[in-house]
């Protein structure tokens, strides 16, 4: 699934054809052969495994209980856990789409729209800028620095900046729009416009990464392919569709997958800019609301959302990777 | 699909060493004035959009809080350096301590995440060991789970490890988010370094660790710079974990947490916030400036026929 | 099909100082001719070819194809096909799609494309691979696909930039014969760039030798071999290279160790310098019995190639050890370390050049083409 | 310095089916010998070399260096140096650092390293480049640095895997002579992999020919050329390749078009098949006047190489056109399209092989080494 | 975090101060003074108000965190409910003494005392004297009156409606409505009175008597900016805003800032919500004794007097109001009347959670997305779904 480019040339070593009498020897040779590799990955496995697997497992367990802040065990207070295992009740509740559990399907749809639009713009604008930047010209380095800048600014700073700019009455954006006679919407109000606003901000934030990745991809397309196509009579547009896009495919497929995953779980932008606004609520922000607000924080429902998010993304990744592979095969 | 083919730096290494795209356009290397104007116009507009919010934060940072929200925006309105002076003087909390903490935590995260990612990336790139692919897939899955939902289990875990409240615990948490992506990136870089280089090193008497340390790391320097940047930015601007996991004492806050004080429910000190934000953005910008040339340029070739 | 001519065409890369990659090139290629451009690395071969293809600006002069001035025509308007050193196959297209791409862009009907591709594939033994992607092919097969892509278009001119240099030695020898045969069959004007002088000598009707962007000589392979226009061409053409030494000139001729080569009066008389550059090919030297006059050659190395052997050795000339290569029979090579006597097979088989300008000094008795 | 031996060593790549890249290799390399491993692409040459280097597992059998079993010793314990096809120079180190790196790892004192590097650099004409990074060197210079890195260590064995294949033709010829001379001077046991049979023939004391992981023959270049052990070796060694044809066998000998080659009774008698594989090198054929007996060769292509020319043409044998290559004098080649008469120079210069097994059928009159 | 878990008796008592940067210095000095006189050390840690509740819960859940927290009045019940703060019975702090009844009520949960009031506050009508004088009008005493005088004040520059949920309460309360009826376990936010209150707010906008900012994130800031620059004549806000407002162009002369009671009936339960902050001690703190004495000192008369005088925040002790300096303090005196009549809020665990749905509904009303009745209905449903599932919708 996550293929490696290591390929067949790797040091693929396998124990020789020896009898079962040498089982111990085989283990030893296995270790002899791989202990370097395992020693190198051990720290990561310990850190990531420990800090991810354990909480994750705990999170998955929570989804089958009615755990919340009030009934979780608290050794410090000498309080025993008294939550119950409720089976699939959380999943059933959430998947029923009941507003009491966050109107799952509607929010899922909004999340998909949000991810789709954001990634489409990230990719489209990133590709456009990468194509422009890939040409030799004056000030290229300067443009590059300026265009990557949004990536370098801490996200919470950008979020405040945008909230400030989007101010409906005193914000610079509406002031500019107003001064050229355009309508001045309430960007961050309780309307679908707020979604537009957060998409704008997220696109602004995410384009630099795409641009840089695609710029690297463009530079890895051999120049003589373009020359060959030019001699074959391809117009610039045909060169773009026939050489550039296929040439970018390895990079594109990766950044799009990562982009979707990251955007799907992009929580700070929405939360810092619009707070709890039902028009910008996506799965992750709702999970966060359930986790952190409420007199007794509802760990069970929040974890259920977490597991559902994970499942949606796994399904997406599976379908996506399969589609890619079948496309590659023909 | 090949997750590892992602290299923000482009094809690293000599293996992809075909000639890069030559100048292409209307007539060989020359552009008509109109095309040239269009190109620059597009880039200028894009750059303005990219820079403007940050620029406006800068403008605001010179205004007093009470002038930050104005009926008609102006570049200068009672502007002065007062906000900066007050922040740096510690009137608004021990800014310098926050700054130091952030530097420490982001720096540690960068170093640790890059080391972890590099060693893993190297192992996955060079040793076809059982479980290597599984590890990469696991990394992909790790990025899918919304960690905001795990703050409490993580908190308890850190507590039981005795790491709660310390910078070390936070660094580890940041590493779990930065390492997967950094590993992908570095694996890509390592894949781009010809295997013959390792083999030459082993013939010259290096152990596999020696190859990693003395050959792979120096050769993947651009990759290390880029992943370091990523790890740094991840840690530098993070709020949620930092405010939950660090002690609330001024001496142990990070910038991101400290700045929260300026934005409270019924009171936002825009001027001070802006000034502090600019101060926060400066180190990030410096780090960014140092690595930006690696972000797109490839690894210098030369080990094989060029 | 069409002839090609470069009319004082130059390409100057801006820079400090500007690089005159191709300098006032005047070259006429006849319709149906196979012309090889050869020269050391950086001599401007690729640049010259790319100027013709329209991939590179022509800064001065002009280029004509089939009588039309194409100096400012874009590549697609020039009716040329090009085979790249790296082949530049489109990695995401099958072999068949690669070969038919140019036709598809010209909206040739699908059926016609298919037929033409099939025909070219047959000619190149590629029929079984038409549905594969390039990465599933061997180097030799890829090379053939690149050729096929050019053939299918039936262009007026083929351009090839070192199309064989990515192949291994054996395949290279085979393929060069195939390309030459193919060109003979199709009769398409072809310009072929290589830095391998063996290819240059064996493949083309004429060979143009470039150095530092300047045309040194353009002639048939035989004439290049037998009457190189200057010492650069003499040293460049032929493998192993001609033995070229600058030696003292006396009234009796050129003085080598123990051997004075009489030179035609015409040469000696018109020559103004005290020394002369003297060239003799390895096969024009021979090992003699110990008693004949000749140079004393101390053998360093013998390369046996089956039928022949090359003897590498050094001769003391005026105090310095000068290296000589002698071709001899493969069956009775001298042993390493021994000293042998070397003499000219024929006093006429020498080439004389001006020691400074390098220009050929014509001997009246020179062999004629 | 030390001898090397492969004792029934095999390397099996897992897969379906497993690839026996090197199959039961038995090979003894003497101390100080220059052995060339040659074979077509994929024949297992690199694998064999890498097994010796310790970069590849030995799945069966053993490998000895200097009498010690090193089958399971890691590379660093084997006292060998290797020159890679891609040179594998460390791009971040200067030439001097590249060359001294192995010594530095062994904690040789700085002064000693410096002296040794300087010495090797002098030997290889690299002194002016010691402070440059590899990327600032030309291909030939990089190749020399790779050599220098190996030399500096003074290892027991040099391994070289196609070290010249990235150089251009001219440089390759020069460098191969230099490497051979260097090895002769240092006297270090050397194993050299190439797929270029010219290199194989000219460089080594002995040549081992591999095919599909199996050793075909290991002998001196001359013996390989003159008494190839089977039709594969016969076709592989020699350039252009030997003309090998399977023809009908009559009591009078092998029947070619208009030419019957009498074969020794010993061969014909012991032979069980109706046909025989008959081989003759291009230089063992000659063009004759139109009236002599011989095969009628229609000339397709003439490759002129200056001194010689190779005539490629086809002969009708039993209804099918068979391709033949004839070496002839470079000055009077036949013209393309003409028909010439070809005959053997000497009836003894033929090689006979079993048409199925390909094994050499010994002729009593065969030339001896 | 915090170092409160240490049983090292020489370690400091950790105090999480959630006040804004303008106020924190005063509280820090007070705390340090109290510690000095009490013979222990205190570490004052400033925590952003928005983060404090969650951070405290995270920490306390793990047995860590501050010994003393400055908790918003609505947090107390919630923390007590989850067992994260100490019942103060037996510490001497559970005695009401001269604490005002309304603030004191916020410290009670399940019949026990969990907190000690620090400051109290409520909303009042702030006005620009100059503008009202120019228009020749008095501060309105009812919303109808505001509608009447608005034209004199330039229409929508008369008043600014902040669309935050907390600021909807004056409209609801003044119309006789409420959010919950705790006694009957009923949700009453959709009652006719509450709907009418929301309608009043909407009507102000519809009639052109007021303006608003419809983006919740910027609404409060815009209101203050508009008022401080003199663009609008009146707003509703609490005492905490006064210091910032006085920085504004319109109030270079502090006298120009007028404070009047909220419009609405002069009898009844009061028109403004009671607010403020309490001190609580974390469950599991090992410095309870010192924490008690810290709180005792900081909520004492002397400390409250200092806070009132220096920051203009409203004391929670009756006696402090008698201090002449306090009584003369313009902000304190202006607000003290309002505080006395502040509308009590339901001191239930979910009290703090009532505002998120209300904020959304109220913003919808002001934006014209929903009618007041629809919005109220939606808020009621949200209350029942996620906030107080045990209640019935009235």
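Order of writing sets the chain letters: A, B, C, D and E. Residues in each chain are counted from 1.
Following the convention adopted for this analysis, a contact is a pair of C-beta atoms (placed from the backbone, for glycine too) under 8 Å apart; a residue touches a chain by one contact, two chains touch by 3 or more.
Owing to the predicted nature of the structure, the values given are computational and were not obtained by experimental measurement.
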item	value
Touching both chain A and chain E (chains)	B
Pair exhibiting more inter-chain C-beta contacts, A-C or A-B	A-B
Distance between the centres, which are taken as Cα means, of chain D and chain A, whole angstrom	55
Averaged-CA centre spacing for the pair chain C and chain B, given as whole angstrom	53
Geometric centre distance via CA averages, chain D-chain C, whole Å	25
Set of chain E residues in contact with two or more other chains	54, 61-63, 221-222, 225
Two or more partner chains touched - positions in chain A	11-12, 164, 167, 170-171, 222, 224, 227, 230, 297
Junction residues of chain C, two or more chains touched	55, 74, 86
Of chain B, residues touching chain A in the complex	1-11, 16, 18-25, 29, 31, 36, 39-40, 42-43, 46-47, 49-51, 53-54, 56-57, 60, 68-73, 116-117, 119-120, 122-130, 132-133, 135-146, 148-154, 157, 172-173, 175-176, 179-181, 183-184, 187, 191, 195, 207-209, 212, 233, 236-237, 239-240, 256, 259, 263, 270, 273, 277, 280-281, 284-285, 287-289, 292-293, 295-296, 298
Chain A to chain E touching residues, read off their complex	69-70, 72, 74-77, 79, 98-100, 163-164, 166-171, 186-191, 194, 273-278, 292-297
Chain D-facing residues of chain B, complex	14, 194, 196-197, 199-207, 210, 215, 218-219, 221, 300-306
Chain C to chain A touching residues, read off their complex	50, 53-55, 74-76, 80-82, 84, 86, 88, 90-92, 101-102, 105-106, 149, 153
Chain E to chain A touching residues, read off their complex	54, 57, 61-63, 78, 81-84, 213-218, 221-222, 225-226, 283-284, 349-350, 352-353, 356, 359-360, 363-364, 367, 369, 381-382, 385-387
